[in-house]
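Got a structure for you, questions after.
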Amino acid sequence: MATTPKIVGLNRKQVAWRIAQEIPEGSYVNLGIGSPEMVANYIPDDREIFFHSENGILGMGPAPEPGQEDGNLINAGKKPVTLLPGGSYFNHTDSFAMIRGGHIDICVLGAYQVAENGDLANWATLDTTKPPGVGGAMDLAIGAKKIYIMMDHLTKDGHPKLMRNCTYPHTGQGVVKTIFTDLAVIDVINKKFIVRELARGLSLEDLQSKTDAPLSLVNNWLTISPPELN
Amino acid sequence: MINKEVQNITAAVSYIDDGAVILSGGFGDAGAPISLLEALTKTDVKNLTIVSNNAGEGNYGLAALMKSGKVAKIICSYPISAGSIIFQNLYNNNKILLDVVPQGTLSERMRAAGAGIGAFFTPTSAGTKLGEGKETRIIEGIEHVLEYPLKGDIALILAKKADRLGNIIYDKSARNFSPIMAMAATTTIVQVEELVEVGEMDPELIITPGIFIDYIFVHNK
Amino acid sequence: MATTPKIVGLNRKQVAWRIAQEIPEGSYVNLGIGSPEMVANYIPDDREIFFHSENGILGMGPAPEPGQEDGNLINAGKKPVTLLPGGSYFNHTDSFAMIRGGHIDICVLGAYQVAENGDLANWATLDTTKPPGVGGAMDLAIGAKKIYIMMDHLTKDGHPKLMRNCTYPHTGQGVVKTIFTDLAVIDVINKKFIVRELARGLSLEDLQSKTDAPLSLVNNWLTISPPELN
Amino acid sequence: MINKEVQNITAAVSYIDDGAVILSGGFGDAGAPISLLEALTKTDVKNLTIVSNNAGEGNYGLAALMKSGKVAKIICSYPISAGSIIFQNLYNNNKILLDVVPQGTLSERMRAAGAGIGAFFTPTSAGTKLGEGKETRIIEGIEHVLEYPLKGDIALILAKKADRLGNIIYDKSARNFSPIMAMAATTTIVQVEELVEVGEMDPELIITPGIFIDYIFVHNK
């Protein structure tokens, strides 16, 4: 029998699903490279959402059918994508004007760490033997109206990622709005972590034991109830 | 389904409040949202600040709005066109405030507002009356002045075609300030000649993507 | 018999012709509102020149045939123009990026005064009863690679316009390269006026008597020999 | 008659000198001027600085140029793509200098160079390692860093079509940095798939006007 140590947690697809539910119709959304890209798969069919890619696309669609890939139509992760009707192309400077100028409603990013004051660390580790690389992370962090974080609650080694202070290099200061993990949905409000949803069967005490910074639970907290997704 | 079209011009200008800073598109008449400006004339709003390249001509459009007494201040580069009689009368009678900004700086300040740039150094106006009182700095041996973003509450612009998502294209030199104003305002209202189906415009040709457009008023409906 | 007081001078069309000869093939040129617009009429037929208009046109052509005017295709003076094959449109900010960024090879402007150090005064008089208006003059003055001035040598009242110091408000400092008047062609070199061409029959002494700042004449100076243009 | 087309690729890269700062277009492979970069590899130039979003992949294009030892420094936002093996080997052996700049700042610094902006304040990187040592200022309550223009001696870019005047259009997201790099370099060399007649391109659709283009190399001739 295959085992998974987190018996109550959401899998990666379920976290993506949960984030997708949070995105209102008409939003202009940037999805960070990697797991955040999965959010696009779970937008409810009746919602019109516009995906932005920092390399100059608005109205980005899903991956093309095999054989239909176009090397000139790629996303920020350099993977082939499509353009939906009503989509458009523009240059990189205009694309980052959209980002820095506060025109992107929501950006979903991965993170190494988030601090209770909203500081984000997602671009560099403490390993200085490798060359650094930041891409568009710092621009997205300070530019989008709302920064949503999609991440595991703990590191693979079992260390907390929701911190009193980030020990990894900052991407941006005080920028995170909400964190979606396999265990909870947590808002950053007035420099505090406020839990508003918990995975089924999880107590705040359980969650606190996996979190470096203090947590508060809202009175009307909910249980996350994702569909089965495998 | 997203649909940014408003049903009539009264609705189009209903989003404008007292004291609003309005970025008004156009270079002379080319690209000026005449109908929107005239509809605004018929509302009760007051104490507006207008940002536009010119100060209106004749008795229509921006000139009509100024004549209605709703404009407290205009920020522009060239208010002294021969036809700007209404503005000049108001100015001579101290009924309107004027802030003259070099045309490129006017445009760049709006771009900074739209692009999230906090301030920028430009050589334009350094050592002139229009640069007086501004922070200056010598960069690469050339004197620059520090300029700040010029953000609008509302942009009123004119375009040729839109789709319901707010993607728009312009006609020839009527493009001028509109793409920048659309970026620089909290709310952008576009007056267009024609609404087309989503996907009908070439994605390489869309000049202002829908992300910058909030409301569409189709003029020749 | 009609009389003209300046018997040796060039008329306005001849000054425009003289400037046109100075513009090499392939140049990107902005012509200021008013008399400078006439320069376009005298470009030699075998030279390909690209005219820029600050309201977002490159490759601007002459005025349209009567009845063919298009209110959406106008020049910086708001007069109807045409677009030549290979021309293009762009927004105002991109247009002034071309100007401020030093991409325009030559800009021809009118002037109230030019000082021997190259200072230009062409946007405001000393009359403070009228509202000020600058348009694109200050951007053009500091941005174009070469600023050519097209003006009468004297004011209508007979006062000099080539000055030790401008008494009118500055448009830009040290920006003028060459001045073309009805009487001479004068370069600004190392903060001095250096005459390189004179109207027929005019002496440097004659010209100096009409000029506030000191003039020098180059050894190999020429007589301006325009065609008859009426 | 103006004709910016060069007759062969050797001529195209002959304008590049030792020590040149080269703005190299593309985001990954999309828009990368692979042939121009490889032609440069065969010349004798050395001590180049490359400005590009990435640091090359595989053994071709920018990676090949770096492998040839001609690149002393790279200024980029993301040199750690999985395929950037050649760069990473050079970096680990201290054979190349690296300056990492946030992607939006990289692009905006080139735009500033092209647009004659002396410097600008941006919130990007404020309070981070990449903002360390930079002049900062609080504007509207937000910390900004001061960034300076990034000008190139040469831009090498890829496009879809050009005419002999240098008007160019791009293909889809391969547009990315190229229009800005064309503005920001003293000399811009474009590699295109197709040369078309003057007037064949829609003037509303021309993305980079010929004023920013110096030499055209038609690749599939």
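We call the chains A, B, C and D, going by the order they appear; numbering starts again at 1 in every chain.
By definition in this document, a contact is a pair of C-beta atoms (placed from the backbone, for glycine too) under 8 Å apart; a residue touches a chain by one contact, two chains touch by 3 or more.
Just so we're clear, the structure is a prediction, and the values are computed from it rather than from any experiment.
The minimal number of chain-to-chain contact steps leading from chain B to chain D is 1. For the interfaces A-D and C-D, the C-beta contact count is higher for A-D. For this pair, chain A with chain C, the centres built from the Cα atoms lie 57 Å apart. One simple way to say how far apart two chains are is to compare their mean CA positions; for chain A and chain D this gives 30 Å.
Computed centre separation for the pair chain A/chain B is 36 angstrom, with centres defined by C-alpha atoms. Residues of chain C found to touch two or more other chains are 83, 89-90, 96, 99-100, 142-143.
Residue positions of chain D touching 2 or more other chains: 108, 111, 115-117, 122-123, 170, 172, 203-204, 207. Chains that are in contact with each other form these pairs: A-B, A-D, B-C, B-D, C-D. Chain D meets chain A in the complex at residues 27-31, 53, 77-81, 87-88, 91-92, 98, 100-105, 107-108, 110-111, 122-130, 143, 170-180, 207.
Against chain B, in their complex, chain C makes its touches with residues 53-57, 70-74, 78, 83, 89-93, 95-96, 99-100, 124, 129-139, 142-143, 169-173.
Those residues of chain D that touch chain C in the complex are listed here as 1-2, 111, 113-117, 163, 165, 167, 183, 198-199, 203-204, 206, 209-212. Every residue of chain B that touches chain D in the complex is listed here, in rising order: 108, 112, 115-123, 137, 139-140, 142, 144, 148, 169-170, 172, 202-205, 207. Against chain D, the residues of chain C that register as touching in their complex are 25-26, 28, 48, 50, 52, 58-59, 83, 85-90, 96-104, 142-143.
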